[in-house]
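Okay, so subunit A shows up in both of these, paired with subunit B first and subunit C after.
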Partner chain A sequence: MTSLRIFAIGGLMSFRALFGFMSPWIYIPTLVVTPLFQILLFVFIGRSAGVESDTFYVVGNAIQYSSVPCLFAMTFTIAGERFNQTLGPVLVSPAGRLPLFLGRSLPVIVNGAFVGALSFTLGSLVLGVTVPASAVAPLALVIVLASASCTGLGLVLAGIGLRVREQAVMLNIVFGLLLIFTGANVPIEQLPEWMEAISRLLPFTHAIEAGREVVAGSGLGDVSGLLLRELAIGVVYAVLGYRFLRFMERQGRIHATLERA
Partner chain B sequence: MLSQSAFDGLLAILWPLFFGTVAFFMFRAGGDPDTLVYASLGAAVMGVWTATSVSAGSALQRQRWHGTLELLVAAPTHFSLTLLSMTVATSTIGVYCMAGTLFWGRVVFGIELPLEEPLALAVAIPATIVSIGLLGFLLSVTFARYRTAWTLGAMLEYPVWLIGGFLVPLTLFPGWVRPISWALAPTWGMNAIRDAATGSGSAWPDVAMCVVLGAAYTATGVLLTNRILFAARQRATLSLT
Partner chain C sequence: MPPVVEAIDLHRTYRTTTGTFRRRSLEVEAVRGVSFEIAEGELFGLLGPNGAGKTTTIKMLITLLIPTSGQARVLGRDVVEDAHWVRERIGYVFGGDRGLYERLSALDNLRYFAELYGVEPRSQRARIGELLELVGLEGREKERVEGYSRGMRQRLHIARGLLHDPPVLFLDEPTIGVDPVGARELRATIAGLKAAGKTVLLTTHYMFEADALCDRIGVVAKGRIVAEGTPRELKERVAEGVVVEIEVYGIEDDRVEALRRIDGVTSVAVEDRDQAQVVVVQAEPGREPTHDVLARLDGVSLGRVTTREPTLEDAYVALVTEEREQVSD
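Coming up: the complex of A and B.
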């Protein structure tokens, strides 16, 4: 019961603390307006280059942009404790680490999925992209899975954030790499082989592919393989992230660097 | 201090490279080599705007955080001059972005840039950078009353990339977008650099437009500064606390 309380209430409180900082004046420009313009940017580049359809870029960028809430919020909810000088009290508590860290990831997944869905909706409305009604629920599932998978990567980065001072730089670089490697704007078959191999190991790649197929009329059964791979990648990152967080916590204690980075 | 910041230095250089790389892949898939040259020059100038927009948006806020805003406002030097030097200085980081993006395009994607009018290019590049810095100055003054001005600066990054014609010809946009583009110095700067590099037209009228718009941004910014500082002093809201 205590673990459940830490997971649910602790995670929610941590996220609310983050949003105490993240007012609508920050949320709307960064998580509503900017993803819409990212979609527009790549749609128009696509039109200029004469390559893929508008739908291709709307799906790709809406899902890829959910990396911003997933990566940034996940890292800041954990590493941000240091900024607020609450990291020491949190880590000195006997609370189980699994509910402690995973509880912080649940609201992040929900917010990431919301941003992805909102970006897709706004992008579709502005550009006149139509989606069959039967595709709405499967697409929502794809977006939720993509957010969960990326939040797994966010846990790894949160661990690094316990040691790295320039978290914003690190997170922006990861965002940029996801933009190139996940096929959001360039079909991964058109990337060099080594890049395609890396793409297959990243969050979003399979979800974006599944999202495009769903919007094109495929059923959930047709994309189940892609979704399972996306889920598996997310689980692997989440496990790695959890173990990495524990490792960095121990290192922080040994070297007394928890508050120093 | 900004020169030591990884966010304003390293990231400002890397950030447009990510977008440039995606654009290079997309234009390469399109199969027209001329569009790759177009994209390479556009991606290079994108960095100048990136370096300016976020930093300019937060220029005043940074002074607030450091507790130096009141001292700068109280100094005998007009505050506009102080702010102007900050925003133009951050736009010069764009030189590194330009060099980095052009080098990246040449080495990784084999994009060979023409150099038809070296003199015009030598004038067009600094004119573009300074005019973008002056636009940053106007933004920083306009956002003076917002606590989270940095988000507004960041929010304007994509729109200006888009309607400044960096990667997409303006002819692709609806007619109502074009007057907005013409009011932006980056649009003319981009044209000037492209014309000078490719010889597709004379760069000088575009350079002149950069100068005119830069002067207009400066004059408007100075007037706004006076007005905002007067209001802030009257209501004791300079620190926004």
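Coming up: the complex of A and C.
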């Protein structure tokens, strides 16, 4: 019961306490307007180059942009404790680390999925992209899965954030990597072989592919393989992230890096 | 009866690095062999200047830092091997502004930590209510912490440390930066904790606070305990000496060094007071250093000169100065 409460209630409270984007004056420009700019930019580049359809870019960028809430919020709600100087009080509590760390991912996933879905909706409305009614629910599932798997990567970055000071720099670099490597704007088959190999190991790659197929009329059964791979990647990152957080906690106690001087 | 808190030859070394391309590593020994014991229901004070190793010692005892060497036990359990068990039974109170969730209300801060400490959901509301009343924050609990004064934050820290009603409390400079009225209220709260049977380790800079609250005091300087005893025992160490205080308006370091070389002088400290400084000279019993001191301050603009008996603060200054001199030798 205690673990469940730490997972659910504790996770939500720490999200409220630490994720600075809760104000609408920050939330709307960053998580509503900016993804729309990104979608428009790549759609117009695509149109002028005559390479891919509007739908290709809307799906790709809407899902890829959900990495901002997923990565930034996940990192800030754990590593941000260090800068808030609340990490010490949290870690000297006897709370189980699994619900403590993973509970923080739940609101992050919900927020990431909301940003992805809203970006897709706004992008589609502005650009006139139509989606069959039968694709709405499967697409929603794809977006939720994409958000969850990216949050797994966020857990790994949160672990790094327990040691490094320049979290925002690290997160921007990873955002750029996901922009290039996940097929959001360039089909991964057209990337050099080594880049394509990396793409297959990243969150979003399979979800973006599944999202495009769903919008094109495929059913969930047709994309189940892609979705399972996306889920598996997310689980692997989440397990790695959790183990890494425990490792960094121990290292922090040895090297006195848990608190900012 | 076994001690509730034991520190056995604790050492803690920090490694820091400097430089961007040519990284240089530097090792700092923050704690260099600290040992002490605290009995059940005792209020033990760790007294020392900034950087003496008080907070590092507390951090090792509360499981936040792993000692470089030595051992620490709380309620008979090793703080490294049985960290989880220890965490369930200790409370930790920070000093200073930070360490609270600024965007949350005091109530939400307490609710969150009540969850982390496994306080039963059914008793949470009542427990939080009791603690808000104890620390005098009732009626303000729904306000965001970002609007709280330092004293209010400090009181919230104490409430948080008591949520799970731990038998052992570690209070790290709980009155630092708090106004005199607020500090007095906090001291009353701490005295109440001792009266309630809690075992308390308190660190502080303030001698009068340690004198008023602590059963025993350990004076820490340069990572070592340089003296330990009851406030009375510590005062007695310098009780037969004499203290001369001279108000000066600008004094150079070489003059202070010259005062230290006077035969029979045990310590010299300079305190800033508004526009002036006060030179506090302690001398061995039977010595009257005023004449020699004034002779060596010839040419310095002087104010009031007073002679008095030593206080606990003088005992502390003497101990810390002695240690500094030994280290620099």
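In the analysis below, the second predicted complex is superposed on the first by the 255 of 261 C-alpha atoms of A that agree within 3 Å, B and C clash if a C-alpha of one lies under 4 Å from a C-alpha of the other, contacts with A are read in each partner's own complex, and residues count from 1 in each chain.
We take it that a residue touches a chain if its C-beta (ideal position, glycine included) is under 8 Å from a C-beta of that chain, and two chains touch if they have at least 3 such contacts.
Just so you know, these numbers come straight off a predicted model, no measurement behind them.
By the touch criterion stated above, A:Glu166 is placed in contact with subunit B alone, subunit C being left untouched.
By the touch criterion defined above, A:Ser48 lies against subunit B but remains apart from subunit C after alignment on the C-alpha atoms of chain A. Residue contacts after overlaying the shared chain place A:Leu177 against subunit B, while subunit C stays out of touching range. In the superposition on chain A, contact of A:Leu91 is made with subunit C only, not with subunit B.
When the two complexes are overlaid on their common chain A, residue A:Ala256 makes contact with subunit C while staying clear of subunit B.
In the superposition on chain A, contact of A:Ile6 is made with subunit C only, not with subunit B.
In the superposed model, A:Thr30 makes contact with subunit B only, not with subunit C. Touching subunit C in their complex are the following residues of subunit A: 2, 5-6, 9-10, 13-14, 16-18, 22, 84-86, 88-95, 100, 253-256, 258-259. Note for the complex: subunit B touches subunit A at residues 6-7, 10-11, 14-15, 17-19, 21-23, 25-27, 29-30, 32, 35, 146-148, 151-152, 154-155, 157-159, 161-162, 167-169, 172-173.
Subunit A meets subunit B in the complex at residues 23, 25-26, 29-30, 33-34, 37-38, 40-42, 44-51, 166, 168-169, 172-173, 175-177, 179-180, 185-186, 190-191. Of all the residues in subunit C, the ones that touch subunit A in their complex are 12, 14-15, 59, 62-66, 84, 87-88, 90, 92, 94, 98-104, 108, 111-113, 115-118, 121, 160.
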